[in-house]
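Read through the structure below, which is laid out as structure tokens, and then see the notes.
The first chain written gets the first letter, and so on, giving A, B, C, D and E; residue counts start at 1 in each chain.
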């Protein structure tokens, strides 16, 4: 089936070339980073995690959201998702690959990455994150690929795949929970030290992931010759709406706890985020944008008439995606380090190289995603229409 | 050699998942028992007796530190080849001085005596009893020795910087770039660190093994730093701590820091 | 169908892929009825001057071979090793990776491991090792070598006449090892001792004498073509001309004889005639070169060359500009890959230019023979034909890529282009079964005889099942192809596996859709079946 | 046509032959002198018994493994003394013990390492005695 | 019966390997044998390899390619508005080069592999790229491993070898670091071997040589990896020996151990046997006429050097037989009666 990713229209190849170019640029800068060290990034002694880890955190959420398709279809027999569970699984696969790559490019000594397996420390959450992410990657590659193969051959999927799919449901929850534990288990970082971190992660994941899926489905409908079905898209939109609402609620809960209790160690990062601290305001506009986008999207999504229109729906989904990317990608990791344990406020600005590498990883992820979706769409197309699949182009 | 076996027992129960891998990833897994050919017979008379303890700790009498004194830092950084990049972003430091308010954020109020708030106590790795950095390290590159010293194994560190996030004291520094060219005078008896690993104070364990006190303690002309075994009731540090009031940094976090600030 | 009884489809499909109890060298060959073809009649061998004509059958114990048969074969192998790099190379470099194994329709249809191309080749490779390699001479069985015995010869006969030379294995082989090449050499060797099948040799003898496989004599050809012209008049009210042996025509048209002598090929032939009439082509049939197909390909390179000779001799005699070839599979293998080399150069002809559109067929510059679908596709592209695809609305079509145009020519788009312009309901079969991965009809290479019926149905099963899938999914009722053997044998195959699906040539589809000048309102298609909505 | 065939075949064969005989002509037939272990350092000349920690054969083949074991034991177990097969005791220290005698790293370590194409990473961190003077 | 035979074949290949290993051990024990092996046999083996390989290629090349028989796996070049596939169905030399590059570097044809199965009385063709994946991995690794060995055969070491080795050993696993290609090589071999042993059809068609080839390469790999990671040898001695070879001043290595002699013997058996074995596919693939020819048969005439004359039936003979009938049917004829004086000239 892989060969299906190797033939496509002109637009497909332009898109592939674009992604590949971005990847190569990123790779070039990664070579520079290997040579120079992580000092090439904007990270510092105080802000020791930056864009890379933030992307990792955000993408774990995207990966986990595949469960939002699998669960309704396999546990509740919600038929409308039948055609697109594979899309969710492939989204998960490419997201997890991006996650792993982001952790990899964040390592100071990537050549020693195998030490995590050679000298594992079971007390380390990072070790367990590695375990759950790898496991999740394998589960989704296997289930996605096997189901698509069976679809293509028009045979029923093998019996052993079912338990694996059921396993993927708690496993999806686990990847984001364990990732949240990376943060929420640290004693000196008041911003992260909250039990609601994992639920918050999951809620935002179940909003941003399905939002991305909706966008992808709309793209596939317009340019990819694949229609996921209005029913499935609307169902996804409802999931996004509820998850978004819950997510906003969780943030508000957090804000209440922090501000009403007034505990300085917990409060200061939030002040930094939304109002700036001691004149440091880098993230303030971003966070307000994120908040406004989230509320706007919520309004669109809860009004059925607006949600039904695909343009509005697309806008809302983009808003959700951007909002949560900002919230997780910028607003979650960095403020944990602000102020530093010694009261310093260093601000963090990613460097060009860092952004290039980040883009490179995204590009590779989207390259993989595009390839998967191309294969998927080609398989569906040849099943649904059968005729005229020839590419007679002059 | 016992390293392999002990490590294995420690981790075996919980790392069943990875059990498949050592065979593949550790071709030298069988370890080199052959190197221990004979039983130890005698020590070279010239080799000094190491200093040992049940739990090493340090007491800092910050009041004794003159405002502009940097003796301990200079000694430590020179000895350990700590580079100076000249910018706070890439900065690496093992021991340095901070404002009282930043060292003890919870121990201040608007009316404290100037004699306190003007203090700039030296800070360093606290060699915690219950170190969060050791807990989070995915490879065991940061580990705690039996004598309480929290050690870095620079050969094993992958540079993930989880320990930096976990340390509530900001005691850890990352080698964001190559350090060698930024060390004014190399001490050939102590290695530099490769770029990409995290480093910090090691309580001069290399000196303890040769029977010497930590460099900062030795360098301090004011005798402001007292180093010893807190579990030894007769040790100097134990006697001081029993006699005087002391603070530990952010002790409410439960890490159990082993640097005691005397007031 | 044949008088032979074969099991029902649901029984035949129960195929076991388990390996036999005995190693393949120790597994005897059993000539089970329905799985082999009758030996060539002595009169045909004599007529062609081939060795060892005699009455015999493969099921006989005694094959009446010449005393020195082993030497003849070994010498024949030696000669061919020196003449064909393909043969020597393919004997040497196979690593037995098995990628070809489940690509052969006969293996899929029988589960007999000797039908895996790799093992089919090992049948002869083992003998090659024994007599032509040092390692084989020294280590014998350990090196996979074995003596050439009468049992080995029988095995060769059984399995080389159980290969349709379709080249599907070659597509998947990492070194491009082509079992068709090996089978061709294998059959040549068998020919040397007079072991050949009548269904190959008789058409060759016929073709040698009368110019076509069916042995139709000149008068018969003319009758048949005029009969088809009358049929066209009945259906359309247009009177078409049938020029025969016309000197000085622009183009000599050569079609497989199946197209003017057997349904459903005749409808395709009507399509040709209507097309040529409509565009006013100055062309001619020939009774001397009345056959495009070439069963010599299934016997030996020499016989192939011998009967291919006429396709160049006749245009020279008639003084035409170039040659147009009809819808035929193995004919085009020969024309495309062998003719110019064997009987060329055709420097007495002109580079082919379509007299209607002025298009130069660059890819046929040297051989000077153009495939009818290339010719027609060019006409359609240039808007020279008035087509009404709605007249094919009663047809739900799928298209079978015939092995030879697919894997020895690369002719995929031309027929599809014609189909898309003449038919509104076109459904492709599963992608693993079309284009270069197409499955054989199961009866090519001279195996389309009735006594071989079980093996035909087994070998054609993968093709038939792919058709059945589109029948189930899209209600397909017609199977298009561009090969005369297909039109003959797929009909039987469909009757057995997928009743209700008829077979047609692409130019029959065109004939239906072609709006001719001065024609009557059509109420039926060329077959006389009513059009939809009429 | 025919000539063309042989041109391609001979080109292929030439590439093959040049490829597999590459080592024969790469060195222009000059026999390199295998690096001798240079033991001529002031420190070694002071030794009464010129003997390394373990016997030469062992050191030649397994020094990297010894160093790896030393590294782990010294850093992780705090065991800093190594008792050799003959009962002598040494400090587990690359720069202290090994380079203490073999103070000529370039002539002792590097020569061999370069000869067999080995690039150890030890000196990324551990300091070569000579380097201090620079 | 069949099962027993298969098992014996597999066992024999293991025994053959064991025999070579034992021979190597014996050689290691005897000084004279060591001298003969490293100073004489080494050159003989290399000569056998070089001459044998070239001989095989020339032998193939001597046999002409009488016909142009490319297997076409894509649309031919025909009408200008039909998109041709230059790689799967090349029309010119460039396309052929591209197609061959695809076969040689990417195993293009194997990438097409599928798996046919009968599911509920219906054949299904599943995608199956494992053979492609592991095959490619094995071959690429083998090539890189061989290139890395140039460090023993060149002085000063060719620069790219150092770069290659550090890239290959990028992941710092153990000391000396584990090469990824070593792992991949062994993984590939395990896959290829297990596949042969476990898949009944493959086991059925596999010969002793098929198992032996895999086991021989595996033995080379295992002894090599052992020498690197478990039982280190004195590389100085080895390089002195190998450099002695390539400078025609052979020397007998000092103490190197049994393992090294095993490695050496396995390698020698491998390269001496290679020209006589199926491993010649590495050279043969370049000559495969179904892949290395352009599909331009009708545009450019291919010449058969031995184009044999055959008996043909001329039009004249044909008309002689059917003339009456043709005249009767109104088909034009060349002459109206038999016994025409003019004789047709046959060409």
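Following the convention adopted for this analysis, a contact is a pair of C-beta atoms (placed from the backbone, for glycine too) under 8 Å apart; a residue touches a chain by one contact, two chains touch by 3 or more.
What you see is a predicted model; the values in this text were computed from it and never measured.
With steps allowed only between chains in touch, the distance from subunit C over to subunit D comes to 2. With centres computed from Cα atoms alone, the innermost chain of the structure is E. Relative to subunit B, the most remote chain by averaged C-alpha coordinates is C.
The geometric centre of subunit B is 59 Å away from that of subunit E, both derived from CA atoms.
For the pair subunit A and subunit D, the distance between mean C-alpha positions equals 47 Å. With centres set at the average Cα position, the gap from subunit A to subunit C is 55 Å.
Centres computed as Cα averages put subunit A at a distance of 45 Å from subunit E. Each of residues 25-26, 28, 194 in subunit B touches at least two other chains.
In subunit E, the residues that touch at least two other chains are 61, 65, 81-83, 112, 125, 172-173, 175, 303. Contact of a single residue of subunit D with at least two other chains is seen at positions 62, 65, 68, 121. Contact residues of subunit B toward subunit D in the complex are 1-3, 28, 31-32, 35-44, 47, 50, 81, 143, 145, 147, 151, 153-155, 186-194, 205, 209.
On the side of subunit B, the complex with subunit A involves touching residues 7, 11, 14-15, 17-18, 21-22, 25-26, 88-92, 98-99, 101-103, 105, 123, 132, 135-141, 156-162, 164-170, 173-178, 194-198, 250, 253-255. Residues 412-413, 416-417, 420, 425-428, 430-431, 469-470, 473-474 of subunit C are the ones that touch subunit A when the two sit in their complex.
Against subunit B, the residues of subunit A that register as touching in their complex are 36-41, 43-46, 48-49, 103, 106-110, 112-127, 130-131, 182, 185-189, 264, 336-337, 340-344, 346. Taken together, the subunit E residues at the contact with subunit D in this complex read 49-50, 53-54, 57-58, 61, 65, 150-158, 161-162, 165-166, 172, 175-176, 232-236, 238-240, 242-244, 246-249, 255, 283, 286, 303, 305.
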